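By letter and in written order, the chains are A, B, C and D; residue numbering begins at 1 in each of them.
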Amino acid sequence: MSPVPDEVRSLVQVTDLVVDFGETRAVDRLSFTLDRGAALGLVGESGSGKSTVASALLGLHRGTGAHVGGVVRVGGIDVQEASGTELRRLRGGKAAMVFQDPLSSLDPYYAVGDQIAEVYRVHTGASRRAARARAVEVLDRVGIPDAVRRARSRPHEFSGGMRQRALIAMALACEPELLIADEPTTALDVTVQAQILDLLHVLRTETGMGLLLVTHDVGVAAESVDDVLVMRYGRSVERGPVREVLGAPREAYTRELLGAVPRVDSPRRTAAPARGDVVLEAVGLRREFGRGKRAFPAVDGVSLTVRRGETLGIVGESGSGKTTLGRMLVGLLDPSAGEIRHGGDPAPGGVRAGVQMVFQDPVSSLNPRRAIGESIADPLRARGERDDALVRARVRALMERVGLDPAYYGRYPHEFSGGQRQRVGIARALAAEPRVIVCDEPVSALDVTTQAQVTALLAELQEEHGLALVFIAHDLAVVRQVSDRVAVMRRGRIVEQGSVDEVYGAPRQAYTKQLLAAVPALDPEAAARRRTARGELAAA
Amino acid sequence: MTGFLLRRAAGALVTLLAISVIVYAVFYIAPGDVAQITCGPRCSPAQVAQVTEQLRLDDPVYVRYWDFLQGVFTGRDYSTGTGTEHCDAPCLGLSYQSDQQVTQLILAKLPVTGSLALGAMVMWLILGVGTGVLSAWRRGRVTERVLTAVTLAGTATPVFVIGLLLMIVVCGQLNWLPFPQYVPFTDDPQQWAWNLLLPWLSLALIEAAKYARLTRASMLETLADDHVRTFRAYGVGERSIIGKHALRGAFAPVIALSANDFGSMFGGAVLSETLFGLPGMGRELVHAVKVVDLPVVVGMVLVTGFFVVLANAVADVLYAVADRRVVLS
Amino acid sequence: GPEDPEGDDAGNGAGGKPAKGGTLTVLNSQPQVDFDPARLYTSGGGNVPSLVFRTLTTRNREDGAKGAEVVPDLATDLGKASKNATVWTYTLKKGLKYEDGSPITSADIKYGIERSFAGELSGGAPYLRDWLIGGDKYAGPYKDKSGKGLESIKTPDERTIVFHLNKPEGEFPYLATQTQFTPVPENKDKGTKYEEHPVSSGPYKVVENENDGERLTLERNPHWSAKTDPERNAYPDKIDVRSGLNSSVINQRLSAGQGSDAAAVTTDTNLGPAELAKVTGDKALASRVGTGHFGYTNYLAFNPKVKPFDDPKVRQAISYAVDRSSVVNAAGGSSLAEPATTYLPNQKSFGYTKYDHFPAGKSGNPKKARELLKEAGHKDGLTITLTHSNAKDFETSPEIATSIQDALKKAGITVKLEGLEDNDYKDKIHSAEDEPGLFLAHWGADWPSGGPFLAPIFDGRQIVKDGANFNTGFLDDKSVNDEIDEINKLTDLDRAAERWGALDKKIGEKALTVPLFHPVYKRLYGKDVKNVVISDWTGVLDVSRVAVK
Amino acid sequence: MSEALLAPEAGTGATAPAPASGARQFWRRLRTQRAALVAAVVVALLVLVALAAPLLTAVEGQDPSTYHPDLVDSGRGGVPIGSFGGISAEHWLGVEPQTGRDLFARLVYGARVSLGVAFAATFVQVLLGVGIGIAAGLGNRLVDQVLSRATDVIVALPLMVLSLALMAIVPSGFPRPVLVALVIGLVAWGSTAKIVRAQTITLKELDYVAAARLSGWSTWRIARRELLPGLAAPVMTYAALLIPMNITVEAALSFLGVGVKPPTASWGQMLTSADVWYQAAPQYLLLPAGALFVTVLALTVLGDGVRTALDPRAASRLRIGTGQKREGGA
């Protein structure tokens, strides 16, 4: 059968795609095409079905019990009907996917380089050695420093951002015709995010690779794609060239979405809180990983204070030690040196009541065998609340506040989208009514509207209860919006610390300046301009 | 690493001491008149008294235990009647029954049981893990069902039944293998393996199901993990996913269990040693327990304990080498 | 009589005349852990040791009943007794040599006996200690530094040895078959280490002893002279003893007969019931089975100190109620056990006198039992406890106990079983204090005569309060004691046997035991084995007679 | 199992419809597995047979302890007379060699002892093993050291030595089957503890355990709520295998004097005395062996089913993108 000419031109052809998970309709009669070498952005709020569409392109719903209707053709292959061999050739070879949860998407037992090499060998039949060389090459390409050595590390030795880059490297290894990137930059700080987006751009222009970029971050979309498809409730809301959709949105929902995007230059929250008591203090914190010669400090001499009712933002590139610091602050990780004081007195170590954390990885922070409602209820029950009805009511209220349907109480984590899981984590932290919450990338997987909703919620609680927040994020705009003070981390140290206005308005350190320059712009024109500027900056 | 080894060694010492104390206590309260058994059923009270004195059985337990400990660390002298014999440290005493040095007795039996345990472990790992992998791969299919049934039949059958039946058929009727007898590895490695093949196989058949089920369960667990989805989405074949990624998840429990089974086989391979006529430790131990030969029992149990501890330490190291997230402690 | 029910199947083996040469393989379950003549209990130390150890007298190496006779070995005759049988004099044959060519002297025999008194070398039978003057005080040559040794043994010259006993013992020639009567050269004695390489006086010497007797290799002793030893044929050139084997495996190997197993025998394993069932269906195999008898009785023992067994009527009732065919079946069936109504084994050498004081017929007489119980005041039946061992030996084990339990049920006796771990069981039944009221017991002959069979069990002076007691019925009857003394004075063994038989019948009336069965042994041997001799003394195929060529 | 499985439906009056409870979801997932259901029926039947043993033997008209010397050939070692081990209208499965006791009666009565002892012993083993394993895995270094050493000791001490000890301590009036179950349970929990400890150490590194710690749960509660469900799979798999092992251990203990008292029958004892009869009276060996095999198979399949049903991911995730077209649970 000779392929119809249409198929030669269009790399992806989705017609009337419907995906049902039991009673939930995740995708509802969605159709779109993607031409060879073109880039399409899939934007929309959390839970709108973006990841589901992405998975459908590789036939990942086959055999799972999900019901898939409609036709999906990728590179001329009918994904739903293809044979096992055909499907395997498609996956990774013709179309590669970067998953949304980079932290749990790599095999913990094997070196990162070997995992990439394995995929490469499956599709090219290259020798072991060539494959390993290729792995180092792609790792280097996605900006992993010292790629030769790092290729031998296991995933747990990578920071969140490094893992995401490793996944992108894996996708690039076989030079696929289509790259499906599901939130490829959520875990990345802006500089790396910019690098990755630039990289995708270069790859696209060099190899003619098609790109389907799934993102809730309109800014990211603006930087990287030609066309956008706005999704909501599994349906297409608006589709068109990125300039038109973002510049002059036709639909009300799109306008709403754009309006919620935080900007580095937008007015920030006004109420400067009164200086309260110190609730959490870190003095000379240091933490090393590894032993002997391989030991290196992930956090190196960090001192900071958090006061009642204030928000301390922590920004910094991937791998700079933010998560490590956060875990020490809540007592989950013992510092190698230095101490933590709660309300003035030095803590004996270990966890403390009133201190909570929102984990960076929403997948592994939820017990796969427990209904999420029960996870949220944990702190309530731990406090001794016996009345089950009360607990449930409270959990439902919390779920509602973080924008989750209370009816999902009895669902299990794997039934949720990435953003939904992150909100479960936030709800759980809130349920404890803590004094301090360390939020590790709490909104990175959330679409802008939900993001706004959640940050507003946090601010509200802060006002009500004098909650102190440590807000770890790579998104400078969000941090600016929520924080009173900001600390900038690099290589385990705090390089700059001060009020938001000081740091954002008059950054003293070159590194901070660099960070600010990397924030994606909403305007595609501006994005292109900045891209060249960055190139020059790097070249210089 | 050195720190780990030192801590392990200290732990092992404590374990072994605890074991020896328990055994002494058990035999203190257990029935059976040692002197009478050693002397023979028809011994007169006078003769029994003579033996009691000879074996120093009238000393209080703690004195005997102390003597034992001293022997372990400094050695002891024993009278042979016509002269004295020195028993070098670590001296585990003399057998009440045969007047042999327990240390030498054990050294003579150790290679037999060691060979049996080692070979059996290799076989059950091959058989058990192999079956586990196959049944995880072909889960829900006929292959799995058949494999499951076969390995379970092994578990449900005691070793003396499997071993005897195998021996009758394979050695007696088909004449494929010799009736097992122990040939030291150093004498003739080929005969060593050839003779032990049947005992290994019988033991492996019994244990295989345990490993097969464990492997399968751990693998299914891993197969549900996110990273497996990654490899599937990259077109990596089912064979590689099963054999490489999922199998890796089974490593920890299989190693942990193997270490235990391997270690405890030193004192516990009674039935197979008896059936196959292999002069190993288990058989000796059972005999010693029957005749209340305390020095032999203590010695044997200590050596078994030593191997359990050793096997577990090796398992920990293996595990840590394989999974670098684990810090040896 | 003790006639072998299956006639003369033993005594032939493979066709053709036996000849010298070849290697005999012995497949055994028990290793020869003790290979020191001082430490062995049975006469000649069983089979393999008697190839290495010669004694003053020995058993007649003949098939069946003739094999239960005692004959001279190192000595020229069965010994000359003084008039009241308290002094026994033996003269050694001429030209007797050890494996190194040095001569065997009467002093070596004395030394061998003295060694057996050492605490280090315990394990032998109690007779020497009980019979020899001063034996109860002597502590062996290692402790005794007087230089005189045991003075009740005299060696006036190199070939003469005289024993002085503290009471008449007409059966001394039987005792002289025990390995304590083996010569041990004092300068070769290594105490407890002697067993690693005992010096041979017999046709074979030890060339290898691995793993404490697990694997023995015996080769010809060049200094042994067949002329002085008519009992041992010593046909094979080499004897290879492999022990520690499972009994099923031994029988399987003997029946398969591959390689060296064709010329193999076993000296400690018999056919079990299941194996017998299979063998009897196979003509070729059945022809390779020898039958042996050994003086042995399995019985129920009463402790009359425990109620209700103090009442003879109750004991009699139980005697009537026992179903011997069930018991025999449990013990392996009629080919492996013969029902017993007498305490003494059913062999002439023991003086077997037939009696059945409480006839239970083939399968018990519950009616009579009930009657007796009623007379004893147990109208509504009786609940008793039967103690047995948990060792799987088909003698004192649960199988036998349950068959008794089932039979007594018919007579209205409810039996509770108390199964004890073997050591516990032995401790209890031989303890004058803790002895249970009713238990399974057995007794085997130290030599084929009524003496060692009846005296330890029924002689009132042998009740031991502070040690192992075998007079489990606590019988202390003057007439019985006197009769035992009288018989011991007799040096005419046939005459003595008769009187033992009569005494047994008399004691039987007291119903202190319920004889259950006498075991029969079925021994399988390899297809190349010739000259099979199974004597009634041991019931085991005699390796000193076997030929493999 | 999470508390959600046990919690009553909340009448909160919240607008959202009540979610399906965990227990109900469990049943729903279990129901879809035909093999597991068949296995459950078999297990139930076995238990029923054991419970109804007196009834069944009454129907047959036999009992497990009566000797029938006339039904065996005494001259041939006591092999049952008649074909197929003496199967007849009176003796449905023939009779035991040597004694002539009814095999059907012994088999069904044996089921009582064997299943009872094995289930109880396994329960004790799993309880101890899981408790000690979790405590070692979660506890601080000292706790871990102490418990791990104790586990080593228990693994190193051969069954025989330990059972001797227990035998000497326990008064003889103590009910035997209970004692046997206890002896096995108290002696053989080492492997379970090791498996659980290894698994616990892996699991406790996960963020969700960290989250539970931050919630303020006690370690004990974390163990129960967060770890136990994850441990259920390996433990259940292992427990299904412990049962047959325990049945054979019971037989071994009988020889040591702590087994159930004769003439009580048990499958393990039948097996041990039957092995030599494999040629002369094969059905004597095949009956207990077959019964044991069916039990083991059923338990394993059932255990698998429960394990799968307990895992909310199993149904959907296991087969993700395998390319297999078949839909539905694994």
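Going forward, a contact is a pair of C-beta atoms (placed from the backbone, for glycine too) under 8 Å apart; a residue touches a chain by one contact, two chains touch by 3 or more.
Heads up on the chains, UniProt names are A = Dipeptide ABC transporter ATP-binding protein; B, D = ABC transporter permease.
Treat the numbers as computed from the prediction; the structure is a model and nothing was measured.
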Chain with minimal offset from the mean of all protein Cα atoms: B
Of A-B and A-D, pair with higher C-beta contact tally: A-D
Chain A and chain D: spacing of chain centres that average the CA atoms, whole Å: 46
Cα-centroid distance, chain A relative to chain B, in whole angstrom: 51
Whole-Å separation of chain centres (CA-atom averages), chain B against chain D: 24
Whole-Å separation of chain centres (CA-atom averages), chain B against chain C: 38
Sites on chain D at which at least two other chains make contact: 164, 167, 275-276, 279, 311, 313, 317, 320-322
Set of chain C residues in contact with two or more other chains: 248, 421-422, 424
Interface hub residues of chain A, defined as touching at least two other chains: 58, 60, 87-88, 91, 368
Touching residues on chain B, where the partner in the complex is chain C: 30-33, 36-48, 50-51, 53-54, 79-83, 85, 97-100, 105, 108-109, 164, 167-168, 171-173, 175, 179, 181, 274-279, 283, 290, 292
Touching residues on chain D, where the partner in the complex is chain B: 141, 145, 148-149, 152-153, 155-162, 164-165, 167-169, 190-191, 194-195, 197-199, 201-202, 205, 233-234, 237-238, 240-241, 244-245, 248, 251-252, 268, 271-272, 275-276, 278-279, 285, 289, 292-293, 295-297, 300-301, 307, 311, 313-314, 317-318, 320-322, 330
Residue ranges of chain D touching chain A (in the complex, touch as defined): 2-4, 7-8, 10-17, 19-22, 25, 206-208, 210-217, 221, 225-226, 229-230, 310-313, 315-317, 319-329
Residue numbers on chain C that touch chain D, as the complex places them: 248, 272-278, 280-281, 323, 325-326, 328-330, 332-336, 363, 390-392, 398-399, 401-403, 405-407, 417-422, 424
Residues of chain A touching chain B in the complex: 58, 60, 87-93, 96-97, 99, 101, 104-110, 115, 118-119, 122-123, 154, 156-157, 167, 170, 363, 368
